[in-house]
Amino acid sequence: MNFRSDNTAPAAPEIIAALMKVNEGAASAYGEDQWSKSLDEAFGALFECEVRVFTVASGTAANAISVASLTPSWGAVLCHREAHIECDECGAAEFYSGGAKLVLMEGEAAKVSPAAFREAIARNERGIHSVKPSALSVSQTTEKGAVYHPREIADLANVAKSAGLGVHMDGARFGNAVAALGCKPADITWRAGVDLLSFGATKNGAIAAEAIVCFDLERAEEIARRRKRSGHLFSKGRFVAAQLLAYLEDDLWLKLAHRSNALAARLGEAASGYLSHPVESNQVFIRPGVDALAKLRTAGGEFYDWGSAQSGEARLVVSWDQSEADIAAMVTLLAALR
Amino acid sequence: MNFRSDNTAPAAPEIIAALMKVNEGAASAYGEDQWSKSLDEAFGALFECEVRVFTVASGTAANAISVASLTPSWGAVLCHREAHIECDECGAAEFYSGGAKLVLMEGEAAKVSPAAFREAIARNERGIHSVKPSALSVSQTTEKGAVYHPREIADLANVAKSAGLGVHMDGARFGNAVAALGCKPADITWRAGVDLLSFGATKNGAIAAEAIVCFDLERAEEIARRRKRSGHLFSKGRFVAAQLLAYLEDDLWLKLAHRSNALAARLGEAASGYLSHPVESNQVFIRPGVDALAKLRTAGGEFYDWGSAQSGEARLVVSWDQSEADIAAMVTLLAALR
Amino acid sequence: MNFRSDNTAPAAPEIIAALMKVNEGAASAYGEDQWSKSLDEAFGALFECEVRVFTVASGTAANAISVASLTPSWGAVLCHREAHIECDECGAAEFYSGGAKLVLMEGEAAKVSPAAFREAIARNERGIHSVKPSALSVSQTTEKGAVYHPREIADLANVAKSAGLGVHMDGARFGNAVAALGCKPADITWRAGVDLLSFGATKNGAIAAEAIVCFDLERAEEIARRRKRSGHLFSKGRFVAAQLLAYLEDDLWLKLAHRSNALAARLGEAASGYLSHPVESNQVFIRPGVDALAKLRTAGGEFYDWGSAQSGEARLVVSWDQSEADIAAMVTLLAALR
Amino acid sequence: MNFRSDNTAPAAPEIIAALMKVNEGAASAYGEDQWSKSLDEAFGALFECEVRVFTVASGTAANAISVASLTPSWGAVLCHREAHIECDECGAAEFYSGGAKLVLMEGEAAKVSPAAFREAIARNERGIHSVKPSALSVSQTTEKGAVYHPREIADLANVAKSAGLGVHMDGARFGNAVAALGCKPADITWRAGVDLLSFGATKNGAIAAEAIVCFDLERAEEIARRRKRSGHLFSKGRFVAAQLLAYLEDDLWLKLAHRSNALAARLGEAASGYLSHPVESNQVFIRPGVDALAKLRTAGGEFYDWGSAQSGEARLVVSWDQSEADIAAMVTLLAALR
């Protein structure tokens, strides 16, 4: 019963099959192969607009390159206090941007509100003596599994645009968000005002395939340079491109995300009464107390405490390949805690 | 007849098989899986000493992280004028190091001599007003396919050590070098004074697997941080670890390198008379003139000019999977040019 | 009645006289003149220990170079939320450090407590995925005019040392702190565990003279390089050295600081009842409300609101040369508000 | 007979007088004082166009901020191999730019020719794999005392502009160049295509006063941020502004430069026969051999060898305040060597 992270899951068979299929004969290096060159079109179809797609090795790279492309080194990137770029990337955003500052905002379920955002911009606009608010970064789904509705993204992006800030979306679990919302990918990205998207596939079934989807075409050249310069341009590009193409084909990404979301909902129902937040995607946050968590672990549950070990709160992440047996067993355990 | 680069080759079947084998069930993320954790031991056995191994997405990343770990930002990294870190990585070394300077040296076949190295150190040691010579970076094999003998590496490293510089080796084609020399991997690395090695597997049969082999254990913590911070710590580490383990198993790496070296030697014989350099590994540099190169292309040969299109010089790289037919056909064409 | 900042004051006559005195004949450039070379000794006598002194053009430079010398680029520098390095230096610490992160702490009167410091270290020590707590930076006096007692500095430094962090002190108003405490300069610096001090002279009577006092001699070479590399090594070093030597001579610095502290105390008495904090040095924070502040301004008072214009709080800074007339007039105005 | 550098000279009496004159009463900090605010106009009059002027502490800072404002971090700055930014600033350009690369060009008397410049651009324009040529930096006068004529600057700038590069001029000895050419300051700057000028006053009579003159007004905001962020915005701005205003007043800068140029010409005549280059400004390069240099030193001459001590070449720099006696004595010594 491993609910530690969707990063612990294997790759989907379709992804492996795609890899094998492209493994034949010579192909141009450094993104000049036919598969890499078809990414713009494939993602363009998905997002219903012209895009430039840049594959990278990790979500951290996608986030950091994106953020660095939206801020000068003397800028500030506004994000939630629990954002992955703040907490879990060893300062990658600061490194790539040449020392921009992350300005932190509060908000329930790791979501940022327009009011908090407006306040943070105002507080930090003090002319030459302070850094300059330059970009907003939001996570979709958030680090607490919450989902921004299209309207919410648009509201935030409007605040950003009118203050001259760019908008980045950390979509490490973008598939789970779209599956939860039942919307078009465009609705929560460029149509709502997002400039750059970190599109994650690894957690949801790929081997290692993350991409920056660039809606603001004028930034493409800069992103291409930043990617190369940081060592994220793969020499054998076909292998990462093949993963992404397979991931999009026949909506594999959505199917996998729907499955993990649905299974998470079952955990959520079983844990109703001590959920930290309503379950909106494939992450379940519970706060049954320290003793109850110990009991779950004794029974074979694997998961991380949220915050300190004394918090009594834990996170259960459902992977794309989580077994029915895992879910059924955990549902029983969770229900018994009520 | 594609001789553009070994980067155009597919992955070896053993590598693909290894990938499929580890694709089962949950595994800890971010390098805590069993395969990732066995890398230190596997490389330790290969190099006959204790090492720390850090997988990254590209040779550029391996080089840049290594170099940055050997120099302060106000330092100079000495390398050959044709070094990959100078010419082909979009300034990655400068980016990762926070703005160190690459000081360029001359030398036949992209090799650096102790005399040129000593001179470059002396020329740049001018106290506080100039950058401080801090590291040497050599490529093995070099960008012109030449190979440093163990004695040559040791001589350079001795100069480095007595001047307080660290030593990095760009081993994008390390396998071809070891195959050519018939030596132990240790003989051209730590035993000769190398601190950090970029160990390349991608060109020689992997999908995307490069590693920093850290012989100076005190630098391991810094490298771990730099890797994470730059987005090169894979979340599903098992897949890159599996490639490297398969690459080492039963000396697959050496077998593949021996093959491409041997095939390149056949091209070299056929082109004797207009070789730019003797063929030492899997790269063949010829200078038959502009017209002759055009003739080769008309006959189906694919390869890059070396320098400008007017140079009349070209590079032919033999891949691990190059077909006998390719070689035979090219041998005939080359011989006809004599 | 200008109480905007001690930065608005002119230079003391002794400083100007010193400048004129050294303006004769040739002197070696770049800190090799006799005056620059005597700084180590002069400050060594003041601090009762061996030090290395590095003059720079501004407090921002002194802070940023110091902080960068105490943290790797993947480190965190812990400081108060209102610290000058966080709020007023346009991200200089991030720039100089190559993208380190400032982790903010709360605390009354811009002072950090050992408990808050310990908590902030613990919260941020999460291994490779987060930045690494590397340095503490405290301001003496603080941005709210408070003063750390020697015991308080030592307590903080003990926490720092046992967690492996270095300690920097922003002493933009170091003279006012020593004057207020009546202690030895050593008591609140190296004897209490401070590694690097930004020693400010500009606010307290110099033209432009700030220095990094380096107690940890092993860091001197790095600081020398960072200073040169950032353009803070003056070519005609005699002129900045002369200012600092005059500033120390006959305890000019202490006399000037005693004066402004004493005058500020008079303002504090007059404003008792609506002080934000007790007055401890040459800064006076009052919170008489928006209307009262408007009244003060109408009567000729010049000063900054603290926080927003709606906060009803203001800062009055007394300069070394503030006139008795200014003080008397302001005392009358302040008393009338009670 | 100190001919080591014009950096060894004291400050001109007019500069000191100006400093004393502004040292009265309160003045707004951080460049908001009346003198700082008049700099744009004063320099605008001098250069016959609208400019923005940013004072900084050193020529290194002026150069590095300028260069960083003309190149992205993945760019290349093209300059002469002997340029101050390459040889004497401890990598400041790399630091400020976030790791741009300096690409070096050859040329007699440290001058760059359009042909060499064109060739260097072409050699480095290799797409995403290499850095991107982004700026040209020329020194006026050059490090060997040579002077670019207006036509020469325009020719270089035309090459730059048509390839999309910005143009920076290192004018550490700008006064000597204008004095030598007898042209308008505009003729060798914006009228010829220069975007940013490092305008030096320190060597030619100031205490410490360097400025970035920004002709491309759109870059002003970035320069303002970079200056603040690097600690080069003086809190008591009036003192540096006063120096520059006095330097411009009544053409003090030109008078001083004319004097040192004229004195250098006398040395040049005396040394005709063994000059390394014709004397064009206030620097004299001679190559009389090792023994002859030893003789000059025995007779009391102070100067630096150029290159190594074995080169037999030396540099004599004439300062604004060099005494007639110094010149007469050195003329005699030099003539005796012929």
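In order of appearance the chains are A, B, C and D, and numbering begins at 1 in each one.
Keep in mind that, in the parts below, a contact is a pair of C-beta atoms (placed from the backbone, for glycine too) under 8 Å apart; a residue touches a chain by one contact, two chains touch by 3 or more.
Note that the structure is predicted; figures quoted are calculated from it, not measured.
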Taking each chain's C-alpha mean as its centre, the one farthest from chain A: D
Chain pair with the higher count of C-beta pairs in contact (A-D, A-C): A-C
Between chain A and chain B, centroid-to-centroid distance (C-alpha), Å: 34
Distance from chain D to chain A - Cα centre to Cα centre, in angstrom: 50
Centroid distance [mean C-alpha coordinates] between chain C and chain A, Å: 42
Per-residue multi-chain contacts in chain B, two or more chains: 30, 73-74, 89-91, 95, 98, 128-129, 225, 228-229, 233
List of chain B residues in touch with chain A within their complex: 2, 4-5, 7-11, 16, 19-20, 22-30, 56-64, 89-92, 95, 202-203, 207-208, 225, 228-236, 239-240, 319
Contact footprint of chain A on chain C as seen in their complex: 73-74, 87-91, 94-95, 97-102, 126, 128-131
Interfacial residue positions of chain D with respect to chain A in the complex: 30, 72-74, 98, 128-129, 132, 222, 224-226, 228-229, 233
